[in-house]
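Several structures are given next for inspection.
In the two assemblies presented below, subunit A is common to both, partnered first by subunit B and then by subunit C.
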Partner chain A sequence: MNNKFDALKDDDSGDHDQDQGSPKDCEKEKTDDEDKEQNTSKKKMVVPGAGEHPLQYNYTFWYSRRTPGRPANTQSYEQNIKQIGSFASVEQFWRFYSHMIRPGDLTGHSDFHLFKEGIKPMWEDDANKMGGKWIIRLRKGLASRCWENLILAMLGEQFMVGEEICGAVVSVRFQEDIISIWNKTASDQATTARIRDTLRRVLNLPPNTIMEYKTHTDSIKAWEDFHGLVNASGGR
Partner chain B sequence: MSTDCQKTTAKAIPSSRRVTISDAAHMPHDYSTTPGGTLFSTTPGGTRIIYDRKFLLECRSSPVAKTPPRGLPNIPGVTSPPSKDTSEKTHNGEPLNNNTINAPGSSNTGEDAQFEMDI
Partner chain C sequence: MIGSLLYYVLYPVSRYLTGRRSEASAVVIGTAVCDGAAVTSRRFSPSQTALLDLWLRPSSRGSKGERIKDPNSEKLDDTRPDMDKALLMAALHKHTQNDTASKMREVQPAVMQEETGKSHTPQQEEVEAHRQGDVETMHHQLLYCKEKTERESISPAEDWSLENILKVQFICLQTKDSIQELSHPPQEQPQTQNLESLSPKDRMQETSSAAENQINKTNKEIPQTAAEPECWDEYVLPNTDLPQGEASNSQLAFVPLLSNTETTRQHNAQSSLHFPVGRGLVEEVQCPLWHFPAMSYYPPEEATVPFEVIWRVWEKLDESAAAEDSTLIPFPLKKVSVEFTVMSYNILAQDLLEANQELYIHCPLEVLDWSYRCSLLLEEIEKWLPDILCLQEVQENHYHEQLHPALSQIGYTCVYKRRTGTKTDGCATCYRSTCFSEVAATQLEFFRPETELLDRHNVGIVLLLRPLVSHGSEVKEEAPPLCVANTHLLFNPRRGDVKLAQLAIMLAEIDSVIKRCKAKGEHCNVILCGDFNSIPHMPLYQLITTSELYYQGLPAWMISGQEDLSHKAYCHRLFSPLWPSCLEITNNCQYTTVNETFKCQNPGKSRYSHDFMLQLRFCPAACVRPQDLKLIPGVTDITPEASKGSQHFEQRFGHRLSHRLNLESVYKHVLPGSGRPEVTTLHSEVGQTVDYIFYTPRCAPDKKAVSRLASEGLKLVGSLSLLSEDVLWSMHGLPNHIFPSDHLSLMAKFQLDVDTV
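Take a look at the complex of A and B:
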């Protein structure tokens, strides 16, 4: 395991790019039935319960928090990113969301990540490595509402970019909060433009809001430059 | 959505789905929406299950959406109230005195005006 990214806490846009090995398998949300589910392992994909409204994709909530001081190694970072759980329907989403604190009430340097099931909230994930993200910086007080609008738009497939969306992140920081949405193909300008326009619409952003698109390769490069690690390990 | 229908349906339509409406709040508010969301709309990525914000917010009030999820990890300050006595009580998805962290806005059903953003 390469721990080149282990102290990546200075990029403020909520990336968590560490190898994080095997996060504890979270217990998958099970539909409220039934014996047929019993013999399946925790890894089974979660499915919508009877009468629930299925989502186009399953998603997983993650949470991470920077520990005071710098983490000494990858492992300590690993301990900081946790799967909260996965869901497949609108109702299952609300069960998680209603039992999680809202981002605006988080303390410290914390992030919620909501990614399609199977995609880790890391640059290196296969789904992310050619991708990038739109970043919007918010003054304090707006994160909870913006995050809710963002994830509802994502879950409801409002972005209309096919398979391109990977996930969304809200990052609570000292003086501002940041929301971002990640997509698969940074070079696909039609997609990134459509995501931008949808963001403006669903977040009700004023026209002069600054939105920044950043490719993950640039993020990695910036991180390496900052940490003086260019060529240190030949990348990965 | 009868089975007959399903049999004669060309395979371009992925599946049919029965939507049970148990609550008036789940009825769509405009003619272009079907109960349960706008199914099979065509987008650049193919057919999609699309829900708008208002519909998603309405689903929040359904009883099944309120039970705590199974296996919710206990993370103080995140999935349970901060600090103190967070012991085992919430660990296996047992209700933590239900909805204490249903923060402001949880009663929100989408009727409120969008906030003004001033960044």
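Take a look at the complex of A and C:
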């Protein structure tokens, strides 16, 4: 019954990946597995080492990769997303980051997720369900630098929007890469504006870069519509 | 023949009188003799010159009107004891006896003749009458007498009066001596030694040519000194409080000019002076006339009161630029600006002076005495009265016992920071309480035991001051704050790496002060001054003035450039990172964490800048693979070393220091005009620029006109001129009787625009 994670935002923009095979059927089931998961994460709560520079929040790295050819089903979740590790200090962050490949060097249909510890990279998480995300589509070659700038700003509390930030995602796709940052309250325009302005500053983006804000509600709806079509035609 | 005769008569007499002159307190006050001979005379001893004059004058002209016999001379003559005359005679005879045989034969009859002539009563009367007149005429008269006596038959038994003739001669000598007294300063006497060593006859023949040579020599010196007009060109009457030693010092240095003055008189019809110079005197240099309002041929009644030389002059920047600025403002708006002065001064701690005595062997002991130096120092400060005073090498006990009380008394508020460790000196930043109020003060210690690099005991002070602008009566307007940073970086010429780290701490503190101001919506201007122990245009200086420095691989000595140590077989080089992340200062010379006050505003916040995060990227802890990191091929299977990205990063950013302050040096390190290097410090080993005043310059006019009425940045209005090394050595180096430290003070005046509502 791990299929709750299918509800993980399948894709950054959540609408264009027709072949995204994540089963959506059980998304509303909040099972005891989830509680179990939260319990275990509490148990494992990391702390900064002696003399290290503590972060304002603990964060967790996630990695996901669509398995080609395999039919999307509830069992495929474990192959799709993996928790890489959690950290509590700047030093610990670099330990993970330094041993992870740069997003630009990832192959295939892959995502890195960096979320506050305890917040799952999924629309349905309590922290996310009222939220949304800023989406920036990047031409190939920019993802590594932008991703690094983005997460350094997030970890260093440069967004100055209090508790609003939930996490960030970089999605490597065929012709483009997408980075996004998620916040809790999609309706808080002051916050979203501030996040946008900070993004522009820290990412050092080309001037013609388009930034788009999308609420998770819209993402879910679009996904459901799309997969509804898939289901209707495919007779799943 | 007659000439030589007279010479040998007069020479011993004059010698004798010269010897006596010190005893004879009632030296005749003579009157001016304004003719060309005065030029030659100043290079000779009085006696020599007297003789010279005697010989030159008969051949020149006998104009009585030019010379006035001093009325006192007769009185002096009368009151002189008879013993003098007897001695005079004895000396005369002794001399003639000792002379060569042939000369003796010439001299003695001549004396006899002379004496005989004088014994003739009418002649004597005539001589007596001429005593009222000109000395020169007197000699003519004597010659006339001699001629007469040859023709006339005179009773040998007649009682001739040696006394009378001696009287005449004596008067004439007295007059000459007194003239000499007036026409040149006494301290020039030593210069005549070489001439005195010549034999009398030689000297006689050489006097005129020697005189010319002297003029030429003197003139050759003048073009050199004239190349420094900014140093010499002003003299003011002694309305200031400089000690007397200073005056004698300056007079000494002005010997060439004094001679020049007299040359001027000689050529008084000309508007300027032309000096033959160079080999064979083929070249000619033209110099404008010098004017010495404070000088006179007459000894002033207050002969002991010195005149002051302005060694260092206030240089104003071209005001036309300011006029241009104002025209750029399209419509007349109310613009208020304040001006203030800043002085930076390494005052040489007495303990350091005594610990490094070999650097001051050129100095007379009295100028090394602290109480003397302290009085000079306070005089200098009081003279310029800077609104902000940044001192370095302030010895703790001297600060508490002398400097602080004295500075408080003249209106300064002071912040003092002693160096850590065993050194007894430190920095002091003082400001005039009527001009500024203190917003914040930080005392920086560059000694960081946790950082191996920062093991040196240097300190700095960063003040945030707010200018007090009183507009009209009581209305005080808000002027933008001013950050004043004062430091004395490590001296060690080999440790440029330490200096850079110390500077980075300083810059980070300034940066945090500016950020605090910015948070309140204010632009903060910066003054960074002190002794940086680094010479202009070398890497440390470049970092300050150009805001960035690529340091990878640079030899550590090169950072400051105080000494060229490139010949050393081994030299320590700089490699990234310069300092560990635990210093919490980025390569951008900013604090990695927000400062304490900011933390208080956001309790519990751990904010880190991008740069700070990057600093920790390759810290040891970050290079260990996390135990719980699963190996996912193609995702988590790389090591930090293998990361191409990190190498790229290192190449791009890792070897570079930068800061975000815009700083410019007040001084340009060469003297305007001559183009010779300025020096701010000089001792027996070296003279160079190591002290600076850096400031935030005003933005470009166009930008200013668009943005705000009150422009950001400071406008440099003027500065106190520095000196070149040779000029300082002409004052016998540093410290001396004028400048009490082995550093010169730096001073600048700035203009700051104030917002008006």
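As a working rule, the second predicted complex is superposed on the first by the 180 of 236 C-alpha atoms of A that agree within 3 Å, B and C clash if a C-alpha of one lies under 4 Å from a C-alpha of the other, contacts with A are read in each partner's own complex, and residues count from 1 in each chain.
Here is the rule we use: a contact is a pair of C-beta atoms (placed from the backbone, for glycine too) under 8 Å apart; a residue touches a chain by one contact, two chains touch by 3 or more.
None of these values were measured; they are calculated from a predicted model.
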### Message
After the alignment on subunit A, I want to confirm one thing: do subunit B and subunit C clash, or do they fit together?
### Response
clash
### Query
Given the touch rule stated above, what does A:L152 touch, subunit B (first), subunit C (second), both, or neither?
both
### Query
First (subunit B), second (subunit C), both or neither: which does A:E91 touch?
both
### Message
Tell me which touches more residues of subunit A here: subunit C or subunit B.
### Response
B
### Task
Would you sort A:R137 into first (subunit B), second (subunit C), both or neither based on which partner it touches?
first
### Message
Applying the document's definition of touch, where does A:V161 land relative to subunit B and subunit C: first, second, both, or neither?
### Response
first
### Summary
The clashing stretch of subunit C against subunit B, among 602-610, 674-682, 692-700 or 746-754, is 602-610
### Message
Give me the intersection of subunit A's contacts with subunit B and its contacts with subunit C, in residue numbers.
### Response
49, 51-56, 63, 82, 84-85, 90-92, 94-96, 98-102, 106-107, 110, 144, 149, 152-153, 155-158, 202
### Task
Please give the residue numbers of subunit A that touch subunit C in the complex, ascending.
49, 51-56, 63, 82, 84-85, 90-96, 98-102, 106-107, 110, 144, 149, 152-153, 155-158, 202
### Message
With touch defined as at the start, can you tell me which subunit A residues reach subunit B in the complex?
### Response
24, 26-30, 32, 49, 51-56, 63, 82-85, 87, 90-92, 94-96, 98-102, 105-107, 110, 137-139, 142, 144-146, 148-149, 152-153, 155-158, 160-164, 202-206, 209-210
### Message
Which residues of subunit C touch subunit A once you look at their complex with the stated criterion?
### Response
582, 592-593, 604-610, 612-614, 616-619, 621-626, 628-630, 632, 634-640, 643, 645-646
### Query
What residues of subunit B sit close enough to touch subunit A in their complex?
17, 19-20, 22, 36-37, 43-46, 48-53, 55-57, 59-60, 62, 64-73, 75, 77-79, 82, 96, 99, 101-106, 114-115, 117-119
